[in-house]
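Shared between the two complexes below is subunit A, which has subunit B as its partner in the first and subunit C in the second.
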Partner chain A sequence: MNKLTYFPGCSAHGTSEEFDHTLKLVMKTLDVQMEEIPDWNCCGATSAHVMTENLALALPMRNLVLAEKLENKTMGIACASCYSRMKVTKKHLDEHPDLAHKINTTIIDEGEYKGDIDVKSMLQYCFEEIGPEVIKSKVTKPLTGLKVACYYGCLLTRPKDVTHFDSPEYPMSMDILMEALGAKAMEFDFKTECCGASFSISNTDVVESLSGKILEVAKESGAHMIVVACPLCQSNLDMRQPDIERHTGQKFALPVMYFTQLMALAFGFPEKELKLPKHIVPVQEALSHIGEIEPTPEKVKKTKKAVEAESEVE
Partner chain B sequence: MITLGLQDQNTFLEAVNKKSGANVLECYQCGKCVSTCPVSGYMDFPPREIMQMIKLGLKEETMMANSMWFCLTCSACSGRCPREIDIPAVMEAIRHLAIEENYRSDNKKVKEIRKFHDIFLDMVKRYGRNYELRMMAEFNIRTRNLFKDMHLAPKALLKGKITIGHESTKSAKAIQKMYKLAGKLEKGEK
Partner chain C sequence: MARVGVFVCFCGANIADFIDVPAVVEEAKKVKEVKVSVLYKYMCSDPGQQMIRDAIIQNRLTSVVVAACSPRMHEKTFRKALSDAGMNPYLLEVANIREHSSWVHQKDKKAATEKANDLIRMAIAKSIANEQLHEISVPVTKRALVIGGGIAGIQAALDIADARIPVTLVEKSPSIGGRMAQLDETFPTLDCSQCILTPKMVDVASHPYIELIPYAEVIELDGYVGNYKAKIKKKASYVNFDTCTGCGACTQKCPVKVPNEFNMNIDKRKAIYTPFPQAVPNKPVIDAEHCTMLLKGKCGICAKVCEKGSIDYKMVDEVIEREIGAVVVATGYDLWDPKPYEEYGVGRYKDIITSLEFERMVSASGPTNGVPLRPSDGKVPKNVVFIKCIGSRDEAKGIEYCSKICCMYTAKHAILLHHKVHDSHAYIFYMDIRAAGKGYEEFVKRAQVETAATYLRGRVSKIYKKGDKLMVRGEDAQIGQVVEVEADLVVLATAVIAPHENPALARLLGISYDKYGYLSEAHPKLRPVETAKAGIFLAGCTQAPKDIPDTVAQASACAAKVCGLFAGDTLKKDPMISTISNEFCSGCLNCVKVCPYQAIVTEEIPLGHGSKELRTVAKINEGVCQGCGSCVAICRSMAISLAGFTDPQIINEIVAI
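And then the complex of A and B:
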């Protein structure tokens, strides 16, 4: 039994409830015990760092202090934005011990910051700590026939000196996990393009334009759906998709699922556990491809780019 | 006065470098950031020009630009910059300088973006956490655009995509105290 300190983030109890729910299911199957940080607070993403300096560090720091009290080696974060803020803060605090001490002693009441917890995104945790082999061993209902475009967004792998995870240009970890589930990960050039995340409410034109391009390229890849690991990416690509279709005249009909939903499905959990009715773009049609037999499933040739990126991951 | 390259005479450049931890002088104007940036098309001065403006000490023009408000901190530019300059940190530094020194752009989008961030931070101050529906509603009220995104609401609510209720952290009070202390600390540093 592995133990993991868990930071869900604000959207886990709202827009990304299906992520939180399926994450808990699959972690149980994988024998990981998740301990949620008691009384965690919003990390401030994405506004605190835009507007302030000290508060931008203090909000994530309070969570780090609370997390360290649970005495697990690693803290796993569901939301990519929270993950990024937590990692950036941790790096900054660890590089500037004087600043860390100042904020710790003047702003935070919850105790001493030690800086001894490892922060990982849940995708990173699944890939590095559990590994595709173990995940493959838990599959009871392979997703054969399902074609997916894995979309990482900007914050899971960038900046490289903050995340230290996968390739910032052409990551493969989620692709490898999806192949472990039996699905086919398609070549997809917009894996790490930004969806416009933090402008979701204040600047919808930008979100529609950026997310529109991602949908377009994902559609061209031949994928039945987009797989994500970030609640902001999910809601931008899913909830805004009908508007993007209306404004561009294109028809995408591309459902956007969390990687944990597909893991849960492949691990044999019933469909109702995936909370599919929460999706704005219907999922059923895409899932009906599961079980279709590919003409030459083994001889899928990866391009040079994919092979290079894969070796970089290793 | 234009003082290109003379760091000791360009106090603006000095301030940006100090705040961001980057060295803007290292930029050799290749423009890779501009072609990489997903929002450079929306900026009045794309990142390359901002870098040059800082080098030239054009403080007023830089402070009133919309560029730093449009930056998404996606770090695509810094990942590809051949000089490995942390451009998002530079954008953040000039944004913070603009706030501290009270530069306010009349650009409608900049005003809306700033308003959104204010609402977001207010929400976290009140509850310790954030609630999407409330935030959307408040944004619409405070930008006097009541019907923005309203067509999405029924479906999103019906499907449970957005929830009405919300929870607070037990220590919302502790967060409020943090805001106060962080504000004090910032004032003390000025």
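And then the complex of A and C:
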């Protein structure tokens, strides 16, 4: 039994309840015991770091100190924003040893910051510490026939110097996990494009134009759905989709699911556990492709040239 | 009793404004060995030098101190003045009161004057212990080695050989020609590259003073200027070049196909091949990594079809030696791999190619017979996007410097595209247009106006696929908007980088290289073709990115340097080098370790007078020693002495202050 210190973040207890729920299901299957940090607080995203640097560091630091007290090797974070704030703060604290004392006084003192915990997103945890092979071994209902476009958003792999995970431009970890579940990960160029989340409240036009582009390219890739690992990505692409469709006149009908929902499905959990009614864009249609067998391309009669090409010694 | 003359220079206002020169002259007179102490406005001028010459004769001086600028500036001038007056030139000492005092202490005249007094007193004291020294003569082998057979090496070899000096030209690939042979047309005149290059290649092969060694590498270089010994490894070609007529039957019949590196792997060549039709020498070699006969002992077709019996599967690498006097290094450049541009989909999209791949496609003799084709479906592209500065001027992904040639060749590509595909359109994303050169700006204008290429100032942030098109999204900074261009083909102008073999080659030759792997010149402005090691010169892109005209100019400059070096039968060398006293040398050989020029060797001498037992001592190679003094500092038994900087001289200086 592996133990994992878990930081859900505010959305996991609210808008992304289906992420939190399925995450807990699959972690149980994968023999990981999740310990939620007692009395965790807001990570400060996205207001604190544009207002005061001190607060932007103090809020995540308290969480880090509390996380370290559980004495597990790794802290797993559900939300990409929380992950980014935690990771940035940890980098600052580790690079400037006297910084912890400077910011300690601004919040309730929870003790010393030691800096001995690994901070990972849940996607990173699944990919690096569990691994696609183990995940594949737990699959009882492969997602064969389902085509997905994996969307990572801006924070899970960036900035490179902070996350040290996967590629900042064309990451593949989620794609590899999806392939392990039996799904087909499509070539998708907008994996890390901006969805406009920062303007989610203040300027929805921007969100609609940026997220609209992501949906357009995902649709173009031939995917049945978009898979995400971040609550904000999910809500922007899912919740705004009807508005985007109305404004652009395009019909996407692309459900946006968490990678853990698909893991749960592949691990054999019943569909009701996925909390599908929480989705705005209906999911059922996309899921009906599971089990479809891809027509094998017709055997092309070998031309003389092709035979010659094959006989070449490379 | 020593008789010293002191000559203090005003250097116009450079020294006189900040140092009380008359007071300095008077102060020098207080030293009892000083027989004459005078001042003059410009001591380096002819009247100034005359003043020194007259004073030497009139006062029967035994040493001379000139208090003026840095010895790097005028030491040679004043040494000559001494010689002209019949005095050994090494009895001169220069007190640098300009760079070391007046220039750096402009705000405190009193302190500057006092420092000048100290510097002059030191120079006087040192000069008293100066000894007569004589230039060293070393013999010179009049043969040059040129490493690399691109346009730089070709030009250098031809110019040297035309001066009737024998040249050995070593090229690592089976043919000379280098990068220039891969080019279609050249900017800014659109001369056909092959047409202007191949006559020179043929000249190299037929020149009576050039020994061409293709398919070979220099593996060792010993010795010193004028007297180098090079070991050259001739790679096994498995073809007897003496009997081979170059008929080409073997390459035709060879069944093994391999990606063709000359055509940037766009098409295939055979395992026995000549790199391109105009190759010099026009003899095939067998690629041992792919030949099934050499790998598995099966096939042998080339030997069967060769009427001359020139194929020899048993051939092995051969090492030959050449004695040479000078080396020209011309190893060219490589191109940066754009893989880190993941946001462009490099490696995922076949229709994103590099400029050299485009160059091969538009070349009439290239793999697509001069028509650019999309690698994905073989269709002729209409909209082509060229992106400059891929890896260049890019601290995040590539290198900091500008590759210099990309602005020009991209303009050329836009023009060539228009020539080959009339209804095409070129879009060029650029950061700046750097077109400094004769006819260059006009050439870019031609691309913009005649060809009507669309120049977009800004970076491309993303390339994504839409159907069979590539959507290129970038910034047009001049209208302040994001633009998207639907492209059939994207061409990346990748950065010029130093050949990856350069650091190893530099170590082998004993010369230095910079952080990028470019070989370092001795001085960035005033000695751009010499290296810090005497007798080794640099030509072309191995020193820094440059275009063909600059490369050819530098190659010819190398040839002039080599001819100058070989002008006499012996080389004159500064006598200020180290000597080792065998009596004191304990044979610890720490000096061998610290010598940056590998100028110290070991020698076995009798243990005592008449003894048969031997002991090891260090020995200075006079030809190589540059007189840096590192060995003197490390020697714990004080066995090493540096002429011109002996212990008595240094101690005198210290005592004087």
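For this structure, a couple of remarks:
Everything below uses one rule, namely that the second predicted complex is superposed on the first by the 291 of 314 C-alpha atoms of A that agree within 3 Å, B and C clash if a C-alpha of one lies under 4 Å from a C-alpha of the other, contacts with A are read in each partner's own complex, and residues count from 1 in each chain.
Quick note on the criterion: a residue touches a chain if its C-beta (ideal position, glycine included) is under 8 Å from a C-beta of that chain, and two chains touch if they have at least 3 such contacts.
No experiment lies behind these values; they were computed from the predicted model shown.
Of the two partner chains, subunit B and subunit C are each touched by A:Glu169.
Touched residues of subunit A were counted for both subunit B and subunit C, and B has more of them.
In the superposition on chain A, A:Glu193 makes contact with both subunit B and subunit C. In the overlay built on the shared chain, the residue A:Glu220 is in contact with subunit C alone; subunit B does not reach it.
By the touch criterion defined above, A:Arg158 reaches subunit B but does not reach subunit C.
Contacts of A:Leu55 after superposition: subunit B is touched, whereas subunit C is not reached. When both complexes are overlaid on chain A, the residue A:Gly145 reaches neither subunit B nor subunit C. With both structures placed on the common chain, the touch criterion links A:Cys42 to subunit B but leaves subunit C unconnected.
Of the residues of subunit A, those at positions 168-169, 193 touch subunit B in one of the two structures and subunit C in the other.
For subunit C in complex with subunit A, the residues that touch the partner chain are 255-259, 268, 271, 290, 292, 342-343, 345, 348, 462-467.
Every residue of subunit A that touches subunit B in the complex is listed here, in rising order: 10-11, 13-15, 17, 39-42, 44, 46-55, 58-59, 62, 102-103, 106-110, 154-155, 158-160, 168-169, 192-194, 196-199, 201-204, 206, 210, 235, 239, 243, 275, 277-280. Subunit B contributes residues 38-39, 42, 70, 72-76, 78-79, 86, 88, 92, 95-96, 99, 109, 112-118, 120-121, 124, 128-133, 135-136, 139, 148-149, 152, 155-156, 159-163, 167, 169-171, 174-175, 177-179, 181-183, 185-186 to its touches with subunit A in the complex.
Only residues 167-170, 187, 189-190, 193, 217, 220, 311-314 of subunit A touch subunit C when the two sit together in their complex.
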